[in-house]
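Let me begin by handing over the structure; questions about it come next.
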């Protein structure tokens, strides 16, 4: 029995808890992508840079707060700085809509044109980020490091294996839950939220019903940018802020949004966790896990790892391709894509 | 003068006018039906009345007020309501939410109107929590009409409401439309199923080449041998 | 691709084609005079390679409306070909694990073949899915069992300098053709799976594939040393040091009155430029021929109205696959040329921004659908990409002059000045897309 418990705790510590945190970050990112797709009907390739940009502004705000001695320990100061990052990023994203996308919306351009325009926006944002904060890593997590550490856990349970919960992981999970609940209340209960869903469902009929398309589009950008900043900051707090890493996150985020069904908020969340757990569980080395469960002479020779960590993108990609081949509309999309 | 008067409408999408001086009228509590062969400009006439295409000539008045230069949303505020032929519901939203979106421009309490709609279409009350996209074709059309009624319009316009539904459902839909007219709303309808539509029509317009070919009560048009031979297939 | 995307085509005047090229060559001359001729030729060579790359994308996007965001992957495959073809064989590594690696790769291919064959035979949905999963899992397990020890053995052979299988020691120019074939083969597989998807799905799928290709190159050390890089790739042109010992060189240096080191460097760069011009001219000629042929007309008909073309009996899927393969092959060729020019293969240098999206900027800015447009777009965009660094430095130096040299802000900004090139590219793309959506040299109507 102890062996079983130890195995579960081990898996939780190295795969399930980090996977849940990563999944939350992906889900928030995918929500931003899916909202823009639902309302503006294009895949926003600048979303990764939006996350990075928001995290960067939040880092500057964090540094400012830290220099003034403001702290909300044990929570990271970054949380306090988050609203500033959101406000600035929302302003930038709304400007990008006004100066770039609005024109093509007016012209009713093909979605590919929007996609190419988003590449232009991506370049501008990537350049600004590299120019302002530089290409180096930044660590801005402060406050308590652990909610409980491996040693605490062992002392309490008396198990051989330990389980740690980092403050950033708990913050990620709680923030993600708060965001998702707030978003669904907004979309499901408020007049504005419903008008947004109506516009996503049937643009012409929404306009006919007196729903202001410009307002819906603005709100979609505001929500998308807010979620992007939160996702970016949580990822940065949890790992560390690398300006370039968000470009790489684009693939798992898109995969999450497509697996769930582009345009479906529920799908984006489920997709985020599917991708995250698949990545973590496929690249986890099960050697020690099996050690608790099977007799020594049954043990496999190697690490018992299905795939090297360096190929975690391949996991996201394979899931993406399988989705596109088997069910291109995704899990939660009733409409034909 | 009639409640709705759309007089001498001229216009179209490109350089060529589809409407070449056609006139349509409707009164409260009445059902006016536009029929005619394909390409006669039936739907175009209705879209022109709703302001979805700009006219080169003619005028549109509702209850004496001139609406000719207004945008569709302004016309909605002035009492018009329009049910498109296709894509006329919000498929992923529940029936109730569809009705709420119909009332989007209203800032007052619209729960009484919603009750009236549910009274007119009892099946919608039953399925109020179900996404509109999951309903049958006939029920979806009822949602579409119900959505359009949420603004408490004085003129309801329907673009081929029975397209693609079975004959039984069509009869049921026409019964509902008669019920709507009885509440004192003027109804203007474009129909492909000319015979059945003229049967319920107080006023019938037969359009041809963007012009009025025949105008009379529905009954009289059905009895007119010329109309029967040329447009109703004998 | 719907028709609304394209504006009606009008014949462009010859000046519209010639002028941008003239401006570009004037810019190169200006760099030669103001900076140095070495810098000018370095830029020119990269412009030529970029032009080949842009032509590849132009064939896919401009001719057929296919969104390939996997340019980086095909470029990297071209680079890999240079290592595999031109580097000397590492005999010890082959003895240690060569057969095992080959057998493992054979198992992977066999798995794919058997799975595909099975899917042709078994038609019921559920058994087919289950069997596919079983076959793939078994094949991967078997290949992994064979590959694991073999690659470890290979990587153990003189890891500081080798630790990989090496290549065939063949002339490097052969690698250019092989690079094209390698990329084309990869495109065949990807195209079979991903073509027919909606534009943005295809974009994401190809972006994903390219990330995986680069991940493989970075981590499979036995193949091309991974992040340890392969340096000292054989060249198709003489080495400067060797050249300086020859009599004709001494004679030329005397006659020109130039120092030996810069002269030899210039000659090498000119030799590369010559090779690249030949390749570029050949590709351009072929691409123009193809565009004017019935095939090219069909292709554009398909792009402008897929439904109508399909109704006319055109096999859209086949045409798309073909154009995807050809375009990717051209990109692979460019990738091989690039790695040859660099003289080293560095997988970690493959970044999507630089190798996928920048090439897209070239095509859009130059004029999608027009080969001359894509070419001049590549020239101008690469020039701007490189020259944005000194210009950006100069501008920031001037703008922050008042802060004084000790200012940390000034120092930080000067240090990151080169990053402004991304902003320049983004703005360039957005401005062209908005105000001249058909590019510098627009697509013309041909009959």
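Letters A, B and C name the chains as they come in the text, with residue numbers starting at 1 for each one.
One rule holds for everything that comes next: contacts are C-beta pairs under 8 Å (C-beta built on N, C-alpha and C of every residue); 3 or more make two chains touch, one makes a residue touch a chain.
Model, not experiment: these values are computed from the prediction.
Put simply, the chain nearest the middle, going by average C-alpha positions, is A. Distances between chain centres, each the mean of the C-alpha atoms, put B farthest from subunit C.
Note on chain placement: the centre of subunit A and the centre of subunit B lie 46 Å apart, centres being C-alpha means. Subunit B and subunit C have CA centres that are 58 Å apart. Taking each chain's centre as the mean of its C-alpha atoms, subunit A lies 30 Å from subunit C. Within the complex formed with subunit A, the residues of subunit B that make contact are 72-73, 76-77, 82, 84, 87-93, 97, 100-102, 104-105, 131, 133, 147.
Contacts from subunit A toward subunit B in the complex involve residues 191, 194-195, 197-198, 201-202, 204-211, 334-335.
Listing the residues of subunit A that touch subunit C in their complex gives 42-43, 45, 100, 103, 108-113, 115-117, 119-128, 130-132, 134-135, 244, 247-248, 250-251, 254-255, 258, 302, 308, 310-311, 313-314, 316-317, 320-321, 324-325, 328, 337.
Those residues of subunit C that touch subunit A in the shared complex are 1-2, 4-5, 65, 67, 148, 193-194, 197-201, 203-205, 207-209, 211-212, 215-216, 218-219, 351-353, 357, 360-361, 364, 412-413, 415-417, 419-427, 429-430, 433-434, 437.
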